[in-house]
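What follows is a pair of complexes built around chain A, which joins chain B in one and chain C in the other.
Here is the complex of A and B:
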């Protein structure tokens, strides 16, 4: 079954796209690892938002709610692990600059 | 029953952390027991049943159902064998009890994810379990840096892996959202219906999900993270990752989607064919130019994953059989090669192949087993790898993709070239003065290698028999 795409979808979609691009930009434009982490968070938030919109438009809010709660839990775990890696870097290098980390050869 | 495959590893993780600090060495043995059960479950479980399982606590409490089939059994067997190998390697290469304890814990967490991937039939659940596996692996890659005085190399490998993994997660979640929008549900059944109805939103969803899986499975052009992660990770982690993690979270999920939703529909099939062929060639040529043994093995993994994607683009039934078989062969052989690399690293303290040479007479068992695995992956009869490559070429030939079939055959020659170069540089030629005192490695490292090599030989020689079981089992 295919649902009709209402006009409101494009409004939501524009907002999602802006947030998404913002997240990507935030990840790419900086060399600071904490800022990259913030970029990742913005990116995940934009997708979570889109998931809610999709549930709303498809008339499956209950399902979308379950999905979003699961996503939030997973996201917290991932962020803790990333923060741990950043902390490890900072302790060993005394710097948060990603460009210092190019020891590996392709 | 199949719920136990999720609950037992999880309970084992809880149990491990309840142990008093002095008893932590026992953690590894608990992990061994769980992995042995896992391998046994692959045989014991009657897979392929339809309808409600008889006893399902997860279904009763959360309304969450799993549906294992023949393919799941294959992944469970791989996970059991590779996991046991990785734990054995950990016993000999990780020095502190603390590190071994963390390793056992994280392997069990990853196992929950892998078992989930094996059994779910829902795009969102698939994402959740892929993420569970990934989070455990992030920490595994960085495991080396927990020890004082080590460099940040492991953290760098983990960082690269995390960044690309996050991109993959975002793509997969977007795919779930698009599927929800298009079909109103996230199950693979719904996806199949929406694809058959030629709904563009459903195609966007599947394309995004495939991209996410290409990142996870390190198919070209998303292969950048793999070599760094494998090389930076400690030896048992690279065995575990190369053997099962990348394969389960990227390639097995790809297999599942190709077999239950794509159904050989045209755009999906062409994407798999092109990505597969490019991955085979790029991976093989990158492998040719490597000096570090683990890096060469990593790029060889990239190249072999291309074969699986290529097989999925071929004849539907034969392609899935070939892909499943190649999946198994490659998991076993690559786990074994990384075990050999661990043995060499332990005895020599380096993985630079230019410094090695002539080790064959010093380490005959390592040399012999590594020859079996490399020749199997390169596709020489009568080893197991020959049969799966033959089936892949047949699957392509059956649907008239002659060009791709020729690429698959010719790329085998490049595979043979880089593996022969590995054998020559490491085990043959003139021995450096420094390695005069090198002896064969401890039984703890060569016994698992011999066991896996025997699996490869047995499957190759007894292939007609094995094929009968596979076909009978509905794989």
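Here is the complex of A and C:
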């Protein structure tokens, strides 16, 4: 099957790009670990949005939804594990600053 | 189409609020709002199952996890908060302007729209796709969940004396 991408694609792509840029900026411009996690979450939202847009435009919504469900499951596990890492780090160092992670032994 | 564009603008504004809010709790709530708005967008696209999962898991469960992390870490002094607010303002003030410039720039991009995607034909119900065609994905999801549980157990285990 061959489909043409309609004009609406660029509207959706613009909003995807804005969300993606916002997430990247949030991750890079902060030193707080929880904010880095929030940046990762925003990035995941942009990817979820774009997967659904791609499925919608290609007429493969069922496949796109299946992939989004997988993304959401991975998202939850990533958030929970990183939250555990943040709490463990805070108990050891009494800080949420990512620059302090350089002192970790590995 | 206009209401849908407004919805997408609100989605980006909520994400912007999540990244720029000075208090972590507000940022977490803004992230929950972003998830809720994304769920509405998914519903508008007809992805009802994904919308329900996004609303219940991302706007619900992840918000609870982030609020728990915020409450389990000790609050900073007022002096530290004021200093951090100034630092954050310095780092984040260009972000809204960058987003507006990027949005305006991308909306004027004249990329040819005759790009074609070649896809295999056919698309069924999401349950059929998930349970019949993407079984390996389900296996992977179960493994990831188990890995997550294992990771949390390792992180929260008590150290041996």
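Keep this in mind: the second predicted complex is superposed on the first by the 101 of 106 C-alpha atoms of A that agree within 3 Å, B and C clash if a C-alpha of one lies under 4 Å from a C-alpha of the other, contacts with A are read in each partner's own complex, and residues count from 1 in each chain.
Heads up, the rule we're going with is that contacts are C-beta pairs under 8 Å (C-beta built on N, C-alpha and C of every residue); 3 or more make two chains touch, one makes a residue touch a chain.
Since the structure is predicted, the reported quantities are computational estimates derived from the model, not experimental observations.
In the superposed model, A:55 makes contact with both chain B and chain C.
In the superposition on chain A, A:35 makes contact with chain C only, not with chain B.
Using the contact criterion defined above for the overlaid structures, shared-chain residue A:96 touches chain C, although it does not reach chain B.
Counting the residues of chain A touched by each of chain B and chain C gives the higher count for C. Using the contact criterion defined above for the overlaid structures, shared-chain residue A:88 touches chain B and also reaches chain C.
Applying the stated contact rule after C-alpha superposition, one finds that A:70 touches each of chain B and chain C. In the superposition on chain A, contact of A:21 is made with chain C only, not with chain B. When the two structures are aligned on the shared chain, A:10 is found in touch with chain C, with no touch to chain B. Touched by chain B in one complex and by chain C in the other are residues 1-3, 48, 53, 55, 58-60, 63-64, 67, 70, 74, 77, 81, 84-85, 88 of chain A. Looking at the complex, you find that chain A touches chain B at residues 1-3, 27, 33, 36, 40, 43-44, 47-48, 50-51, 53-55, 57-60, 63-64, 67, 70-71, 74, 77-78, 81-82, 84-85, 88-89, 92-93, 98, 101, 103-104, 106. Of all residues in chain A, those touching chain C in their complex are 1-7, 9-15, 17-19, 21-23, 25-26, 29-30, 32, 34-35, 37-39, 41-42, 45, 48-49, 52-53, 55-56, 58-70, 72-77, 79-81, 83-88, 90, 94, 96.
Interface of chain C with chain A (complex): residues 5, 8-9, 11-12, 15-16, 18-19, 24, 27-28, 31, 34-35, 38, 41-42, 45-47, 49-50, 53-54, 57-58, 61-62, 65-66, 68-70, 72-74, 88, 91-92, 95, 98-99, 102-103, 106-107, 109, 111, 113-121, 123-126, 128-130, 133-134, 137, 140-141, 144-145, 147-148, 151-152, 155-156. Residue ranges of chain B in contact with chain A, taken from their complex: 124, 128, 131-132, 135, 138-139, 142, 145, 151-153, 155-159, 162-163, 166, 169-170, 173-174, 176-178, 180-186, 194, 197, 199, 201, 227-228, 231-232.
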